[in-house]
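This is the structure I want to talk about, given as structure tokens.
Chain IDs A, B, C, D and E follow the sequence of writing; residue 1 opens each chain.
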Amino acid sequence: MVVVVETALKAVLILLYATFVGFMFMGIIRIVTARIHRRVGPPIYQPILDTIKLLSKKSNITHGLIYDFGIIYALGATILALMFIPLGSIGILRMYGDLILITFLLEIPMLGIMFAAMSSGNPWAGLGSQRALLTLLAIQVPLGFAIVALAESYGTFSTYQIVMAQQSMGWSIIHLPLLLAAVAYDLVLQAMFGKEPFDIMIAPGEISLGPMVEFGGKHMGILQIQHAIALFAETLFFSNIFLGGAVITSFASPVLNTLASLGVLLIKQIAVLMIAIFMGAIFPRFTIDQAARFYWKWPTIIAATGAILAAL
Amino acid sequence: MMVSQSELVKEARENGMDLLPLDKDTYELFFGPQHMATENFSIILKMDGHRVVKAIANPGFLHRGFEKLAELRPWHTNIALLLRICVPEPDVPEAIYSMAVDEIIGWELPERAQWIRTTVLEMARVSAYLFWIMGLSFKLGVYTAGQWAAAYRERLMALFEQLTGARVYHIYTIPGGVRRDIPNDAWLRRLRDTVEYIKGKLPDFDHLVFENYITFRRMEGIGVMDKKFALAEGVTGPNIRATGVPYDVRRADPYLLYPELDFEIPVLEDGDALARALVRRYELEQDLYILEQLLEMGPPDGPYKVQDPKLKNLPRFKVPAGDAFAHVESTKGDFGAYVVSDGRNKPYRVQIRGPSIAHGIRVLEQLLVGARIADVPVILMSLDNCPPDIDR
Amino acid sequence: MKMEEIEFKVAPESKIRKKPSYIKPWLGLKYLFKKPVTIKIPYEKTQIAEKYRGFHSLDWKKCVGCNFCGQICPARAIEMTWLEVDGRMEKRPHPKIDYGRCTFCQFCVDVCPTGALGFVSNYMLTTEWKEEEIQLYDWVPIHPDRIREINEKFPDYRFPVEKIEFDRETKEVAYHLRDGEIFKFRILGYGIRPPKPAKPVKTGEEKK
Amino acid sequence: MREQAIIDGILTEAPYAEGKVRRERRVEFKVPADRIRDFLKLLREKGFELMLQITVVDWPKDGEYELVYQMWSIEHRTHAMVRTRIPRELDKARMPTVRDIYPVAETYERDAHDFFGVYFEGNEKMEMPWILDDTEQGLFPYRKDFDMLAYVKKKYMILDRFDENKDNYVI
Amino acid sequence: MVDWRLFEPLFDFARRKSLWIVAFCTGCGGIEMPPLMTSRYDLERFGMMPNPAPRMADLFLITGYVTPKTLKRIIITYEMQPDPKYVMAHGSCPLNGGIYWDAYNAIKHLDRYLPVDVIIAGCMPRPEAVMDGINKIMEMIENGTADGWKRYKENYEYYKKNQDELFGEGWREREARRWIPWLMNRKKEE
């Protein structure tokens, strides 16, 4: 019984922490982008206010069961993914957190959003869903090769074991094959964050936010929370498998150890985020066919080379 | 209770709600006016997947009936009205209307007025091009360059404000000269600084937009026009220069001080969106160069408007009967005005010919066929379509 | 088409063309640590040009009521109004300006033969859409010195009048100026011709 | 003179037209309405490649519309106005289209049809909705006899916030 | 159930600080929108940003004159926004027609067709004036006086009557079907 309560408590705490830090990440994205634009930008807590406002809307438009369910589905999948990823020395399901499972769970929120968007019947949402599907398809290939490279090189699919292995042999990216995999994975992350040049599925100037066009009020609010958690989970996953994660045991107190490892992880996550922001600020958007061709070309070649090198 | 699909369709048809897909392959898509890329202009697209099958331009959201309104207001007052035709560069309608009226009356403009008018027109061109860079980069998705362009344009806005007393609607060029003199020498110095400043910032735009690999990928081979097509469709301005026709009103039909100024006309043969963008980019550089030359020349001494006793009583100011056509080179193309007077204190007929009426309807409809939905904003922006001057 | 006939100076193609690059866009990050160009408006003030075309001012003593301003106005925002201040009727009608129409072209100032009508650089007027607040958009301008005094006290370019009260029955108008002063007069009628004092004003012409 | 030479070159092949030089780089032709297609075809051959606008001027005193085809020649660097007159009654105000000669004329013809009611025969987009909204179509607001103030009062039921008695132009 | 009224102050604070704007430039004032949104005046400092989709927007800026053809779209867009929503009118034209007081194709008194919360003077208003108007709307949200959306619900009959008088009955369906014959290459059937 105590174990159940403790696990539940841990889960809630992780969720709260992830949501909060995710919102801060959203704020950081907006502020840093603003600074590159030579302007001041919003306060860092702005995304939280946005979400509160969206949740407090008085009228909500719904288009049926699938429409509501898709959103919940997206949020649930993201939370589940978060639970599988090791967060420093804490983790609920980290033992079961296998690379393929987490990657899969991080991608399916997009499917949930697409269900909802398609059921709204808006042509823009339909267009956006087409694009999102194709993007999803395009990133599979480099993603797969990157994971193969990781698994080949560490001989395991478990995220936690990869993190532990990195404690002894150094970060993944200092090994050439894994560096290549990391580059490919980072390009994929750009699409998962929805930043330029791969923000094709939302593309405000072209298809007016695509799948999001019909969402308003509470639906959009939940999507904002989902986005925040997803940001946290994706950066966390990347820092875990490529940037060494954080397992700090140098302090006597376990609380201090946990805090220190969270801090280290946070720095790594922000570093991952910054690369995404910088790339997003300076490149225009690809069209969907160009993006697909791009993903099937460069990142695939890089990741495949990494996988082959790792296998040798 | 279950209602079958066919019954629903029938009920919808009876209630006039036949909004189903057009046929089994295509669907209807309203592109605008509530859309970030269109600026209150609407294109009705028949789509097949993400390809456009047919496009119909639907103008008229900004129609106010200027040509009728201008017939009911005194000659000078029309300046305050007609400049609303082209919002990004309101000096152009002012200038063409004033030039046409000047021609009907037969006024010789004082040299100082000519200098000021040329400077204002060139400043308007620079500001409109910066605005266009902003629009292009917002539509391409490289927001950084757009934000910078809008910020640098504010410097020109401040200069306009000091010269004319307003930020956007200057109401400055009037028949017979301009309304105010240059405020002081500090203004000229500030203009020189601004020209230098914007010139120094041009490489930044190059890095982000015009030399960016992805921009090339997005714009190459999109919306291709050839020379014959462009001439037949009445395309003017940078758009026709991008197809290889060196037509520039400033050289072909010189006005104001342009015969004395030295500038180059960029001409490219490709006729695609990229060529149009590069031509505009080079023209921005040339406009800054023209401003430098004008500043070098310095404003000549003398009156800033025609000394005519008739100008004392503006409401009763009469223009002799006659008609005239005047046009200038705006950033969008050949902007013309045809003014008819019947000798009273109001114009008899004013027709403004915006370049976008040629670019925005037939050219756009034909260029969009076969384009991807992502190319639609790029084509719109590369044509630099300005909806208010279609609608008037 | 004969190209040789056109002696345009055509730019060489090499100057116009650009080379695509993956590397150069990264230079776009160079302003990341520079100071933003933003004017932080509630805390900073922008510099308004000295002769910015803002609201009008009117020297009532100089105004001769010639209606030139009313004739030139493209929006017909100006109407001549007969006023009564402190029980004495003004000898000439004065222009009443409707900012629900005015386009701030200031042609009226240009044509004013005596220089009575002028403009100040105040430009800010924000109200709710309520009948009593919209009254603010319709006023007879006050003396430029008076506006200048108010501007010295409140340097934020706002409309110099805070509230306009208008009694539809008695036609009495009260301007509540921003520095607390109340300025009262009565509207007798509209038009260039003086109103007939004996005849009661028609209800159809009810006007602020 | 260059302009005179252009006119002479054109008029020898089109004896039905009149031409004159207005000033440097501006020429003017008067053509009967039924020969407009022949004349524009000729102009196109003679190097007037761009059509800038079709202007309609309403002359109710003469009972006529004046159509001004504004042409520009990049080759000669000259602006040509081709004037023609047609009756202004709505059922008689008909012109042959020049869409096949200058494709862009289609747009200008739609414009003229919407605002003046000139019907261009052969232009199949004549019936297509153009700038004006449903309620204004068929009003032809740019005609001189369109009473705008009365129409505005009827349509918006308000001309001024407070007073509705202002029904004539002060100017 | 949780009593959400307790959280109203927090909600009002969030609504005030995160006004998303519909990206719909309805008139000339649209030209001052880019400077407002971009580096020089940077509205994002107040948490405002243009939003391409009306479903998630709160504030509607009527940037200048409104023609009947645009007004149809404005009404449809306005009705798509979820409550609470606010409308701000720029310049003179929506109030009284402005310079288009006698134009046959410009709306004279916007309040007859759509509830407007704040109006700012100017032709066109400077960005500072627009920011002042936004400030005003923020204050009104705090006080609870920005109730245009409530008025629209309560007086829907009145607004609908005016709209129908202007456009003719059944204009929504007519607008939606208008282009289908032309897209399908068949002439209007009527």
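Note that in this section a contact is a pair of C-beta atoms (placed from the backbone, for glycine too) under 8 Å apart; a residue touches a chain by one contact, two chains touch by 3 or more.
Note that this is a predicted model, so its numbers are computed, not measured.
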| item | value |
| --- | --- |
| Contact-richer chain pair (by C-beta pairs counted) among A-B and B-E | B-E |
| Chain whose mean Cα position lies farthest from chain D | A |
| Chain whose average C-alpha position is farthest from chain B's own | A |
| Distance from the mean Cα position of chain D to that of chain A, given in whole angstrom | 61 |
| Centre-to-centre distance between chain D and chain B (centres being mean Cα positions), rounded to whole Å | 23 |
| Chain D-chain E separation of Cα centroids, rounded to whole Å | 37 |
| Contacts with two or more other chains, residues of chain E listed in rising order | 38-40, 42, 45, 52, 67, 69, 95-97, 99, 101-105, 123, 126, 174, 182 |
| For chain C, residues contacting two or more additional chains | 1, 6, 25, 28, 31, 36-38, 40, 71-72, 74, 76, 98, 100, 103-104, 134 |
| Residue numbers of chain A (touch at least two other chains) | 34, 36-40, 204-205, 208, 281-283 |
| Chain E partner contacts - residues on chain B that touch it in the complex | 15-19, 22-23, 28, 33-36, 39-40, 44, 46, 54, 56, 58, 60-65, 68-69, 72, 80-81, 84, 87-88, 131, 134, 146-148, 150-151, 153-154, 157, 167-169, 388 |
| Residues of chain A defined as touching chain E within the complex | 30, 34, 37-43, 46, 49-50, 52-54, 56-61, 204-205, 208-209, 212-217, 220 |
| Of chain C, residues touching chain E in the complex | 36-42, 46, 74-76, 98-104, 123-129, 134, 137, 157, 159 |
| Residue ranges of chain C in contact with chain A within the complex | 25-26, 28-29, 31-34, 36-38, 40 |
| For the chain A and chain C complex, residues of the former touching the latter | 32, 34-40, 278, 281-283 |
